[in-house]
Every structure is written in structure tokens, then in C-alpha cells.
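Can you read through this structure? Questions will come right after.
Letters A, B and C mark the chains as written, and numbering starts fresh at 1 in each.
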């Protein structure tokens, strides 16, 4: 059933990582992901790997969850590896028809693949340890300074909140309409792509109509509750940067420092 | 006691799809006192929901006046004060909950009013307690039953410290248990906090609980009075396409069978005593 | 010739920590021509149960036969067996999607491969059964109709499948008293005119009491009571309470008369008859 799909990837917990301010986690994730691209030696990769393992352990996320986050992207990962192996010029080690694998290619491919894996793992760590609500709050407040140049920070965050709120409702509705049309002989599973797309109309039209109706009613309800955009609005939950957050920034600073040092000294 | 809601000669017209003018409200006059519990009944399309939206200034009269606590809904400067003092609960429980957590949703109104965070927190706690939902603070709304969702919506109104609650068919989509939950919550708030209630419904057992009943038909107020006088008019209500309480209809049948039963019976207890004194 | 459920269990979210049996070991036979009411509070398993009647859900264990055919076998006969059960979901107007009332009602029959001339006859018949005028409504877009009319169009869309068995889940939810009476009137008329088997799911006891000739009360995924409505209301009130189902208000009123010492036949479902019984009893007493 559609409603069985796990929503978001949040893995509730009370680890140090869970308790960090969402802003700290977002900024750190961006900084750390950028620093991954500093690495170009085996040593640097070992340091990165060690640090990531350390964070996973700290967050107490089961390794199976981490592997699961990689699963949907495995095709991209394998493709990255193959493309680098066969397109990098250098000393040939193996030939399949017109394709030639090079030693440089293998090294380059491995590095790129590892970078990609690190990138995915680190960003999933952010969603594993931060609830969607906290994440939205964090994004809104990080974007706040950009309001001056016309960025609708509050509106974006409100849109995300409402989307999160209605995903389960709409999934349930999809399931219901699908069953209702199947009971009228609709077929959503057979035929070629074109035919299948056409067969989706009896599902999509009611779903859109319902989404618009909900949007309309929700807008009325929000207006009735004195909603007038971000203007003058306060929040019940305020975010606070604590010692924990500074500690996190400190540790991250050291890691980046080490990576820079490794990059300069080793070639 | 002063009047809290005064509707004077109010009309509401709008343009339908085909471009013709529709008169949704036709010269309505209503006065509701502070602390009163008024039920509004009528078939679909009788103008009940349109009327409800006027009480919160979601709609503005085409002609006539709608005064909330003396404030005219036509005047823009009154808008936020009116919306703060009149809280709305709508029919579909799903389409009025904004946030992904119960407590955040209850906080939505006070946040819009610009309250300080500590004050919001206190109000949320209090409001959730008032509707008996304090244990569900951290729940996602999609996991609640219909009755629970409506109670959360009521808490959202309480947290704004509204002194009037307008409910537009709050129980139409609920099961009997959910209906019971919502009605008893509203009745208790009315009794304990003296909240003015305007309750729109199709269910007679809910309307019977009100101080006063207003019956609408085709944009007009056609009957008005205490439940006893309204619900004993069995034929009239049936003509209007409305239900009557079982006891009232039963008494009506007995009178048809030439039994002497008083005209104003609407509850089981009254009927039983009248038949077997 | 019947719908037969044998030892049917359905488990939601099987093999996860959230797994829960929605219905347990259900044995049930629905015979042609019956008007069956199914009641139970939210979460009692009644919606899960009816989704088994036309194979929308596949039992975790147990079997479903329609007219002797196991509906979860592969092949044409099983598919046809499933199609003999028409299903009207809660708020069926939410499934409308076509540009005109005609097209929407024709959607089902066309999926079944019904010929175009036959489709038109079926649409006409279906509209007639739900009390909407063909000339007036066939060309209109369903989305500008009133709520009650939209609901009737949606029901017509299922009736046009020409089912032998018609399952309706809360067909009156959200309608006003007039709309509710009209819908129920039409269902009753259809049942009487064609002898179609009706399964009506509701939480409203009064509606079921008035119409059904057999009542099934669900509780905690099991069938708690199965019998004649009058008998269940009169003699099983404690079990109804246990199932969280309301006793009809008329039955409650009759109870009170009895408590005051009035000797009356309280097994009635309509107010006029009940009033006559009370009148006679008072005359006698």
C-alpha cells in the first residue's frame, strides 16, 4: 500500500547529533561536503572515512539504515565508477572491444565513487538526525537574512511545512481513488508507457481536484486564524545556539584544517 | 447582557459559473448575545456556511451590516481584532490543520498574533488541556481520529483567546463517537468559560442542546426560537427537509392517533412522563 | 450462488513492527437478494472486510469465492467474478474525473468492453435509478453539480457496471437529511426493483435498522453479531454497547416505555408502528 512508504528519513533519537541546532547541522553539512572535494590522496580519504564512521557511531544510526540510503542511487554510483575507469587516458590494463580500462582511470573512478558515497551518507545523516519540522525551521532562519534582497524565506518554509503535513493525507487519498477506479475496471498496471500514462488520468484528475479543494479550504482556515504572512509573526519554538553547537563547529574546523594540511603536504 | 453579534439586513450575492447572480443571503437579521449557544440548521445550500464566514469577516456583506462586538466587518482596521475574537472550526478536519505536530498547530493562531514564545507555550498547554488532548501534543495530526482533529482545531481557537466559537458543521464527517466528543467539548467550554457558540449542524441531537435554534432556508431565516418551540413543529421541519428528534415525531404520531400529548415535547424523558404519568 | 468468505484474515503492514490484524478468521456468506447492513465503530474492521468482497484486498489467509469462483485465481473467470461486485466508496464524488456526467458513468462499462449502444442504455438506466434526468444532466460537467447530485452521479457510475452485488460504504456521509433520505430511497428502490444484493456499511444504526433485512455487527476485526436487525436491537443491547455502536434512538425510547411498565412489542424500526403499539398498550392498560 502507498501509505506504507516511510516518510522522510528521520530516525528519532537523543544523540548529541540529534540535539544540535538544525542550523548548525545544515551549515556543517554544507561545509563538510565541500571539504570532501579537498581530498585527493588515500590518506585524506582515510581521514574522511574515519570521521564519517565516528559521526555515524555518535548518532547511533544503525549501519543498515545508512546502506539503505545508498540503495536508490546505486546505479549512479556504478555508472560514475565505470565512466571514469574507461574514459581516463593512461596506461591500459584491460581491453574489452573498443573500451580500454586504465590504471589512472581505476584510481580516479574509485576516488569519485567514494566522494559520491560520502556525499550521500553525510546528507542522509542530516535527515536521519533532524526532524522535517526542525529542518524547515532551520532553513527558514538561515534564509532570513536574505529577505532583504527579496527572498521569500517565510513563504518557502510555510510551503514546506504544508507539503509535509499533507503528504500522508494525499497518499491515503491516492490509494482510495486508485481502488475506486480499479473497482470500475480501470487498469493501472498493463500496457506500454503511453497507454499507462493515459490510464493514469482517472487517478490524476480527481487527485488534482482534491488537492485544489484542500488548498482552498486550508487557505480559508489559515486566514480565519489571523494568518497574514510572516509579518509580525512570532514562533513558539525558538532556536538557540548552545555550547554543543560551538563544539561541533570546533571539531569540524579541526577536520577541515587537517584535510587542508594533508592536501598541501602530500601530493 | 450586550449583543455580541448583530447582523442587520445583511445580503450576500455572488456570481455563479454561468455568470448569473446568486443571492446566498437574503436580508438576514440576527442578534446573538454574549455567552449564548445558538444552533443554526438548514439543508445544504440554505446559506448557513456563507453566514458563518461573515461572522469571521472571511466574507463582507454585499449590503447591510455585520457587527462583531460593535465592530463592523466592512472596516479593514477591525479585521484582525474580529478574527481574533471569533474563532472558526470547519467541516473537514483534515483541511484546517496546518502544522505537522499537534502543538505547533495550536500555536499557529497565537504566532500569527505575534505573542511572545513563553506566552504561546502556556496558551497551547492550557488549550490542549481544555479539550482533553494534552497527551497528543507531540503527535502528527494524520494519526488522530476525526473527533480528535476537531478538538485540536477547537484548541487552536482557544489559544487565540477567542470569546466566540463558530463551528460550521464540525461533525458532518465524523462517526458517532467523534460527534459525541466534539459536542461535549463545545458544551463544556460554553458552560465553564462562558464562550459564545454558533453551531451549524444537520444533527438534531446536537441542535437540541442549544439555547436557541435558527432555521435557514434559501438564504433566509425562516424560524427562530428555543429548541422546544422549533422541534415540536414536526410537519414544518419535514417540509424544510430537516430531521426532528425521535420523541417529537413520536409525540406527533400519538397525537394523530387522538392521544392527548402536550405540543412541546422534544425529549424522551418528557414523552415517557406524558404517556405514562 | 453467493459471496463466501472462509476463514479470512487480513494483516496490515505485514512483517513490520506495525503489523496488525484488521480482520480475523471471518466466515461469512452473503446470499443473492439480501440487504445486509454492516455496522461497527471506526477501526472495527468493517471497511477492510468489504474491500475483500470484490478482491481489492487479498486475504493474508483464507479464501473468497464469488458464485463458486475463487476470485484470487488467475484468469478471465476470476476477473469476471470480481466484476460482479460493484463498490461505492465513502465520498464517491471524489472519484469523478470526466468532462461530462455521461462520460464518467460510461467509464466503467467501457472498461468492461461493453458495446457503445449498450453503454448508452446503461448510462440512461443508471441515471434513472439515481433519480437524475438524462436529458438535463448527461451533457453537464459533474464538477458544477451540487454535492448530493455529484454523489448520485458517482453511484450511477457503479450501478452502470450492472453488478449482481452492490457494496456501499457510508453512502450518506456528509449529506443533509434530505440528501440522505433521497440516496437511501434510491438504493431501496434499486434493491426492490432488480433484486440486487446490497451490502451497506454505516455507523448510523437508524439507517441500517430501517433498510437491512440482515445485520452484521463488527468489533475488533471479528463478527460479533449476525442476525435480524429487530432481534439484535432488542435482545443484544449489551453487546452493541461493547462494540461501541449506538442503539437506535427509537429502541432506547421503547426501553423507557417498558421500564415505566408499559407492555409493548418493542421490536420495531419505524416510528409510526411504534406509536401505534404504544397507543394500543395505553388503551389496554
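In this section, a contact is a pair of C-beta atoms (placed from the backbone, for glycine too) under 8 Å apart; a residue touches a chain by one contact, two chains touch by 3 or more.
Being a predicted model, the structure only gives us computed values, none of them experimental.
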*Which word fits the touch map of the chains here: line, ring, star, complete or other?*
complete
*So which one's got more C-beta contacts, B-C or A-C?*
B-C
*Report the inter-chain centroid distance for chain A and chain C in whole angstrom, where each centroid is the mean of the CA atoms.*
45
*Find the geometric centre of each of chain B and chain C from their Cα atoms only, then give the gap between the two centres in Å, rounded to an integer.*
30
*Which chain B residues reach two or more other chains?*
none
*Sort out for me which residues of chain A touch chain C in the complex.*
1, 4, 173, 176-177, 179-187, 201-202, 205-206, 209-210
*Residues of chain C touching chain A in their complex?*
12-13, 16, 51, 54, 56, 83, 86-87, 89-90, 92, 94-97, 107-108, 111-112, 143, 157-158, 161
*Would you tell me which residues of chain A are touching chain B in their complex?*
132-133, 161-162, 164-165, 168-169, 172, 213-214, 217-218, 220-228, 232-238
*asked:* Quick check on the complex: what are the chain B residues that touch chain A?
replied: 53, 56, 58, 80, 83-84, 87-88, 90, 92, 94-101, 103-104, 107-117, 120-121, 124, 140-142, 156-157, 160
_Residues of chain B defined as touching chain C within the complex_ = 17, 43-45, 91, 145-146, 172-173, 175-178, 202, 205, 241-243, 245-247, 249-250, 253-254, 256-257, 259, 268-269, 271-272, 275-276
